[in-house]
Every structure is written in structure tokens, then in C-alpha cells.
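Chain IDs A, B, C and D follow the sequence of writing; residue 1 opens each chain.
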Amino acid sequence: MNIKSILLLALVANGAAYAAEAEVSDSDRIAQYREMISDGNPADFDEMRGESLWKAVAGPKQATLEQCDLGKGAGVVKGAYAELPRFFKDTGRVQDLESRLLSCMSTLQGLNADEIAAKPFATEKKPSDISSLATYVVGQSKGIKMAVSVKHPKEKEAYEIGKRIFSYRAGPYDFACSTCHATSNVRIRMQDLPNLNVKKDAQAAYTTWPAYRVSQGLTRSFQWRLNDCFRQQRFPEPKFASEATVDLTMYLAVSANGAAFAGPGLKR
Amino acid sequence: MKAKWMIGTVLIASLAGFSAQAAESKLDAKTAEIVKRDFQDRGIARADRVVQDELQALCSKYHDKLPAKLKSKMEGEQAEAIKLPADDKYMGDWKAGEKLAQSGRGMTWSDKAEDPAGGNCYNCHQLSAKEIAFGTIGPSLLHYGKIRGNSLEVQRHTYGHIYNAKAFQACANMPRFGHKAILSEAQIKDLVALLLDPESPVNK
Amino acid sequence: MNKMNQTINLGRRTALKVGGSAGLLALFGAVGLLQSGLAQAEWNKTAFSAKSMDEALNAMGVILPENSASIKLTVPEIAENGSVVPVTVESSLTNVEQISIFVDKNPNVLAANFSIPSGTEGMVTTRVKMGQTANVIALVKADGKFYRASREVKVTAGGCGG
Amino acid sequence: MGNPMKIRAAVKDGVTEVKILMQHEMETGLRKDADGTLVPAWFITEVKAQYQGRSVMEAQFGQSVSKNPYLLFRFKGGAAGEKINVSWMDNKGDKRSDEAAITAA
């Protein structure tokens, strides 16, 4: 809880007179609202679901995911997310968490990756296994500092391409990610927009995804976050776990380096 | 000796510059290739939406800061393409305009082709004093008409700005609502009325 | 901005109607039969189905009391999303027996009712849904008397709205 | 049977603070799904919390409580290692009961 929020809560607690006199902006009031809902995150349930899926035998090969290598060795989950995306030798490409989970589900369990990628997100009626698995994995990096590498030439390239995708304007509205996320202290409707070219903002944004969205009543993964940004950008749909999404994730993850991972988050 | 050293430095620098430039354009080309490959049709949002027109490509390349000459050239081109209403009438219904301004819908893959697009105005602008949920990406338009009046000239300018904001600022964030056929002529007139009608909440 | 002291026009009833299970409970309570905290607080269907504050209070056998400084109601002034609005009700009164939370413009105005056994503090935090900007009203019963606090929460549109 | 709850209980200065997060859709019965069909009402109606066989909280919920209900309250007493039991029932008669140990705050 930051000082501002404490002050705000105190303001609310003291009631009428003080709140009326103080110059509290609407953005501060929104911050106060967020603080009030920050405890008791239903994403915990998705984490629990993901953990049991991780340990459950599944697929034609009747295997669990416990031998999945997320970059820190087979079966190491703790801290893995703080170093993703990264280059994987076995697949020969840079992968983010969801792309890597897809590889593991396909190679270890024999599941059909295309089928999973065709419906990768939870809906009101049906939870998503890959999404819950992602929630579980990220939860195991809570408090660990983001340390995503660009040492490998492919990692460096992914970062550079991601940066370009970030300012790629197209579609009927001429929007790019940068249209909304390259200016400080602006908001869309009541929603403060992080300037993702600024370290502090990029860190705060990246380390709080995946997140439980109260407006949807669902825990949403990072791939979903990008997917829905592109939807509102009036773009066509990015293919799940595609190179374009992984590269963009790489750009954003590297921008968040140095900050302790704080997800899964809780958002509007 | 000194001159030689200097020439050497310049040579190395320009070589480095050249190879850096080559690497840059290689990455640009690869980005375009990846984007083209990794986006797919969904609903009304067809894959070819990622194909950039000239202005989009230039604004992406220059991070929205076009060199002065290029900027005025592009703005001129965009301005020329503005189609003003044949009847030279611009003031629609401000009430319909307010509804449009409130709506953030339109042209996403979850919208249907037959659903009319919203204006998305409040997403980025303050308009009516009554609506507190307004964005700040664009300037406040509160009292827009009160400040400017609503002469025919102002009406034309306002219509043109909504029709194609890029005619005034080549790499503006604002969509080209008329140019890209997002809004109809009648819808743009309703928005003009929202901004200019003395009875509109924008001017109260 | 703050509506703490603003009187809400809810309409007043002049007589306390005792009826239904709530009335019976009140009766038992009065003779001390249900003091143990094992009180079978039945789910009051009439109250939870009530479409207005009057109807809900009627079903609970309560006359809307005046605002009281001894009730602290904490709600956000603005909620970015009406589906989760945090509400905390705290009271400095002793022997708090019951806390109820209402949203005056919801289709079902009574959101939750808490029976507080002795030994449990007179406070509770929960989260409610709000269909639109409305007043959140807290009703507290302590030592057999009712007290109230109310505050407005503005429900706004967040995000891109697409 | 419902899905598990998340219960946290911490004792400090002789007062135990209990935080409960329940997994439940809390359908109002007024909402339409994507196909336009009305989703029937389905919500928790009663929550009970017990400590050493005595009730420490009894709540009745209506349709206006948020999805995945959250509840926080405090009671006098409690010691680290002792158990808190929480159970709920919904309008369809579904039930769930979970237990958690009190920790020292």
C-alpha cells in the first residue's frame, strides 16, 4: 500500500468534511478504488486450478507437465516467468510462457497444439487449461525480479522486432500500441494508460499481468492482454503464441526488467 | 597525420552508419513480414488490415515525427481528399452526436458489419461537463463552440477535422473518421452539432 | 461530493409492521431466546426480493433510522466497474447484532445481511454489484436500535468501451 | 458440491481477522448471456463461520453480492493453530465447507 492510498483511505474514513475540502482528483479516486479491491484476488483460484493441471496426467501420452522445461531446467517453475521470453534450443526459437506451455503440452502430453491454440482463452462458460497453467506458473515468480535476457542474437532480434510492432500503425483507425501507450499521464475514459516506453510505467504494467479482470470475472493471461489490445486497435486477430506476439512480449518484458514480479494482478 | 586519422574516423563512422542502417532496414522488412504472417481474419477484421497505407507506414517509421517537408506534403494530400457534404450543411442533431460520442464500439472483430460504429470521442476527449469518465489522450473539447462560435467557416473546419484529422497533423492519434469510412456523413454532422450547437451540453 | 449527510428521499413509514419471519425473529430476540449466536437467521426471501428500500425495510420490520455518526461506511467515491464495489461497515456502538447493506438503485436493493454474534466485532467488509451510480446504505442494529449511514458511489465507464 | 474457498485467519492482540474468498458465479437472474438467453439466478444465500463450535459470523447474501464473494470480519479470541470452519449454501441447495488454521499475524 503506497502513501497516497493510505492518505486516501484515511480521507474516506474521516468522511464528509475532509473529503470535500481536499483536492482529490478523479484519478486518485480510481487509485483508491483499486487499493480497496486489491485484497482477496480470485486469480488465486485460477492459480490453484493451474497447479492441479500441471500435476495431472493428461493427453495421449498420459503424462503430467512436471518435466516441462520453462528455461531453468526440466520441472523448475520457481522464478521461470521472471526470465521469459527466452530462446529455447530444442525448438530453435524465442518463446513466451504460453508458447512454451503449448510446446510442453504437445511434446510431453501429446496434445494437439493447433487445437489448443485455436481456443486459448477462458470464456464465461469454459475455463482455459493453458491459461490456468500460465496463472500457476507466473504465481511462482511472485516477488522475483524480472531478468529477461537479450544476449542471444535471436532474443535481441525478437526485442527489436517487438519494438517495431509496438509503433506499427495500421487498420481503419490508424492505431498502433504506441497511440495509447507512448505518452505519460494520459487516460482512456477513466483508465490511466501506462507509457510503456518509460521504465517505471512498463514495470508496473508488465508485472501485474496476468490478472483477474473484475469486469469479466475471469483471470486473463498476457497473450489475452495483447489479443484484446489488438482487437480494440481494430487490427485483425494476432495468432495465439505467434512470433509477432512473442516479440512484442519480449519488448515489454525487457522494459520491465529490474522490477519484482507482482502478478497475478487484479484489474478493472 | 591528423588529417589521415580524421579521414579514417569518418570512414569507419560512415561504414558503421551504413551497416547499422542496413541492419535497421533488415529488421523493418522482417517486422513487416512477421506482421503480415501472424495476423488472421476474425469476424469483420480481415487480415489485410495490417497492410499499411503510405501515411501509416511513414508515421510508424518516424515514430509520428515526420520531417517538416514530408509532414506538410502528407497533410496537403490528406486535406485534398476531404469530401465536404454536397449540401454545404454541417449541423446535425447534437443529441444523436452525444450518443455517438459515448459509444466506443465499431470495427473490432467483435462488432458486426451491420452495427453502426460509435464516435469513441469520450475515450480521448472531455466534451460535456456532465460526463466525468473522459479520456485525456486528445485535448479537452469542453466549450468548443462557445469559444469558437459556429460560423459556416468553423462548421466546415470542424467537419473536416473529424473527417480527416491527419490533414491538420499528419501523424495525429485521431482516426480519420470520414476518410476511412468509419462514420457516415450524417454521423459526422451530428458530432459537429455536438461540438457547435449552443444547446449542446458541450457548450453549457 | 460526499453524501454522508445528505438525506435520501426514501419515503417514511409511520408504523412498524411486524410480520413474516423477520417479525418473529424480532420477537424471539426481544425475549432473549436467540442470544447465543446460533440464531437461525432465515434467508428473508421477501427482503432479498424487495425492489425498493421501503419494501426491503418493510420486510425486515424496520423503520429507516436517521444517519448516525457512529456508523462508518467506507466505499469508493468512484468505481471503475460496478461489478465489484468494496463496502466496509464499521460501528463504534457496543452490542452490534446485525449489519445490512443496501444499494438503493439495484433491482434487488438488499445486498447482504450479517448477524453478528457476541464476541464478533461490529464490522464487516464485502463486495457488491452496482448497476449504476447509486447510494450504498448501511443499516446497523445495536442493543435493539437501528442506525444508518449512506454514501454515493459513482459507477463510471472504464477502458475503451469497445 | 461447490469449489473450494480461500480462507485466511490471523490472530493479533487477541483478535482474529478472517478473510474469506468464495468461488461462486453469483448470477442475478437478470443477466443475459451472449446468445441473449436469460441466465437463471444462482447465488450463495447463506454463509456461516464457526470457531470451536461457536458461530462467529452468519451472513445472508442476495443477488447483489459480487461474483466470487469476499468477506472480512474480526472476532475476539483465537490462537495460532486453531481451526476456523466456513460453510456456504446457495439457492440451488449446493453446499461447500472448508477449514483453515489460524496463523499469528
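Of note:
By our rule, contacts are C-beta pairs under 8 Å (C-beta built on N, C-alpha and C of every residue); 3 or more make two chains touch, one makes a residue touch a chain.
Keep in mind that this is a model prediction, so the values were computed, not measured.
Contact tally for A-D versus C-D: the pair with more C-beta pairs in contact is C-D.
Between subunit B and subunit D, the centres computed from C-alpha atoms are 49 Å apart.
Chain centres here are Cα averages; for subunit A and subunit B they lie 28 Å apart. Computed centre separation for the pair subunit C/subunit D is 18 angstrom, with centres defined by C-alpha atoms. Each of residues 78, 83-84, 86, 127, 156-158, 160-162 in subunit C touches at least two other chains. Among the residues of subunit A, those touching two or more other chains are numbered 26, 188-191, 214, 217, 231-232. Residue positions of subunit B with contacts to 2 or more other chains are 104, 108, 110, 122-123, 132-133.
Pairwise chain contacts present here: A-B, A-C, A-D, B-C, C-D [touch as defined]. Those residues of subunit A lying in contact with subunit C across their complex are 9, 12-13, 15-16, 19-20, 24, 26, 29-30, 32-34, 36-37, 188-191, 214-215, 217, 231-232, 268.
On subunit B, the positions that touch subunit A within their shared complex are 27-28, 30-31, 34-35, 37-42, 45-52, 55-57, 59-60, 63-64, 104, 107-110, 122-124, 132-137, 166, 173, 175-176, 180-182. For subunit D in complex with subunit A, the residues that touch the partner chain are 3-4, 6, 19, 21, 23, 25, 33-34, 66-68, 70, 72.
Per the touch definition, subunit C reaches subunit A in the complex via residues 1-2, 4-5, 72, 74-81, 83-84, 86, 127, 156-162. On the side of subunit C, the complex with subunit D involves touching residues 37-39, 41, 43-44, 48, 83-86, 88, 103, 106-117, 119-121, 123-130.
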